[in-house]
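Report on one structure; see the data block that follows.
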């Protein structure tokens, strides 16, 4: 057991605990806080995989930008009394449980297959691949078209925002 | 590689520990005689009316959503800026197209009045 | 051994930072007093030099009032997020060259990471939570308005902040702050190479630290005290402290990115031993920070507060296009030269 393995398992455990806490919280704002903790754990796991750039982007974009929107929506939707949010067990919840069980089974099977072990071995140049320089090179030379297509995707998102809120400010 | 980040981790632990200690200091050293009026929320000396958690203007959601989109745009620029000298003119044109498409969206948002606060 | 040196470095840096922050508060009070033709605090110690200690003592022995309607957990968490973010941002900022102390070759930077600038931006984006959560958890109207305003303001200016840094990255070709400082050796400071980037960054820094003219989150005539209305005692002090710590760190970042960081021009031509050169560089860095902090304070009493719509217009309709234009022009100039 070296340092990295111990570190990985403690972070992974924290990620799972924070994910469970996020689901079980009554107060939606607390859920948001635990989701942010969860994002941090995921960023640390990226860091263990030598993906420095992705790790910091995980924090910058997910924890810093997307969760602010979540917080806004929860804060401003006037949820008022948190107890009013309790759900009843309906068909939705049953389906969700079934799907989660299937997913869990899938993960277990996937992990026990022999080829995944070989694939999960760390790349010899992992340290170089994770840096900003390497990502930039492959993004702007090898994956040029996908990069430009992303701008179209973002454009669609901008239009979507306007359409969603259109009635309100006209 | 992970070793480079250990100092950052220690720094975060120190920062949070300082915050926790200072927050608790008031509880340990300060007096404690709460009463109902002291613990009520501030509303210019009046009895608080209605709940504080009201609905807000949709502008704030708009700003948050637009922020996410433009933030992602900016994130793509960092790897580009780092490699700028190697990519040369080719890279600049590439980024120009990317920014131009998004600026079209920005102009659309502007013209639709989504950035107008009144 | 390595880890012990790191811990010593962190303790020294945090100590110096807290000391500076305490005296920045005093500096602000004395400078404001001077500008307004008053005297300011001058009774506690010589010229009021013990005033920060007196203030802290007073706040520690104040009652910690939490409104009954407030959400206790989040009410406690918010100031910790604020101060934690303010204090840990300094981790990647280089405050000097290498120095040889007691036989150890020490690098005067806590963590030299590949993604230095992004670490700063990520922490800045997390700073929003301290303000927003404090506003929400108080369950009171003024703090909620302050919290919402602050988060919308901070995220808007984060964009121009991120964009105005890109020009600097293009010149240095790296996200490491160390490399950026070294690229500014001599007089090749980025303020000269990137004047527009410098101005947009400074304006964004004012907005991110919630300083006048952008202190809408705590605009006292309309919002009482904004997001920290319902805080008292040491928890209030933490918000106060983190505001000034943010100002200190923002000044340090401005210095590092645009004013040559720890580089002091002509210091190498003095013929001093390496050790003293390093010491002069560290104090040069500190001196530049204090100058910018003084600039922050003078601006506070020079420009009146913006209206909220003006603030948002400036951020979205002016700063954002200018910053994007700046980086495309920078790219063109770099290629043509």
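Labels A, B and C are assigned to the chains in the order they are written; within every chain, residues are numbered from 1.
Here, a residue touches a chain if its C-beta (ideal position, glycine included) is under 8 Å from a C-beta of that chain, and two chains touch if they have at least 3 such contacts.
Keep in mind the model is a prediction, meaning the values are calculated, not measured.
When chain centres are taken as C-alpha averages, the shortest distance to the whole-protein C-alpha average belongs to B.
Top-ranked chain pair, ordered by C-beta pairs in contact, is B-C. In this assembly, the C-alpha centroid of chain B lies 15 Å from the C-alpha centroid of chain C.
Work out the mean CA point of chain A and of chain C, and you get 29 Å between them. Each of the following residues of chain B touches two or more other chains: 5, 51, 53-54, 56, 59-60, 64, 67, 71, 78, 82-83, 106, 116. The residues of chain A that reach two or more other chains are 52-53, 57, 60, 64-65, 68, 72, 75-76, 132, listed in rising order.
Among all residues of chain C, those that touch two or more other chains are 113-114, 118-119, 144, 148, 151, 155, 175. Taken in their complex, chain B has these residues touching chain C: 4-8, 10-12, 14-16, 18-20, 22-23, 25-27, 29-34, 36, 38-44, 48, 51-54, 56, 59-60, 63-64, 67, 70-71, 74, 77-78, 81-85, 88-89, 92, 95-96, 99, 103, 106, 110, 115-118.
Interface residues of chain A facing chain B in the complex, by the touch rule stated above, are 4, 7, 47-48, 50, 52-53, 57, 60-61, 64-66, 68-69, 72-73, 75-80, 127, 130, 132-133, 135-137, 139-141, 144, 147-148, 150-152, 154-155, 157-159, 161-162, 165-166, 168-170.
Every residue of chain B that touches chain A in the complex is listed here, in rising order: 1-2, 5, 51, 53-56, 58-62, 64-69, 71-73, 75-76, 78-80, 82-83, 86-87, 91, 94, 97-98, 101-102, 104-106, 108-109, 112-114, 116. Put simply, chain C touches chain A in their complex at residues 71, 73-74, 77, 113-115, 118-119, 121-122, 124-126, 128-129, 132-133, 136-137, 144, 148, 151, 155, 175. For chain A in complex with chain C, the touching residues are 27, 29-30, 33, 36, 52-53, 56-57, 59-60, 63-65, 68, 71-72, 75-76, 131-132.
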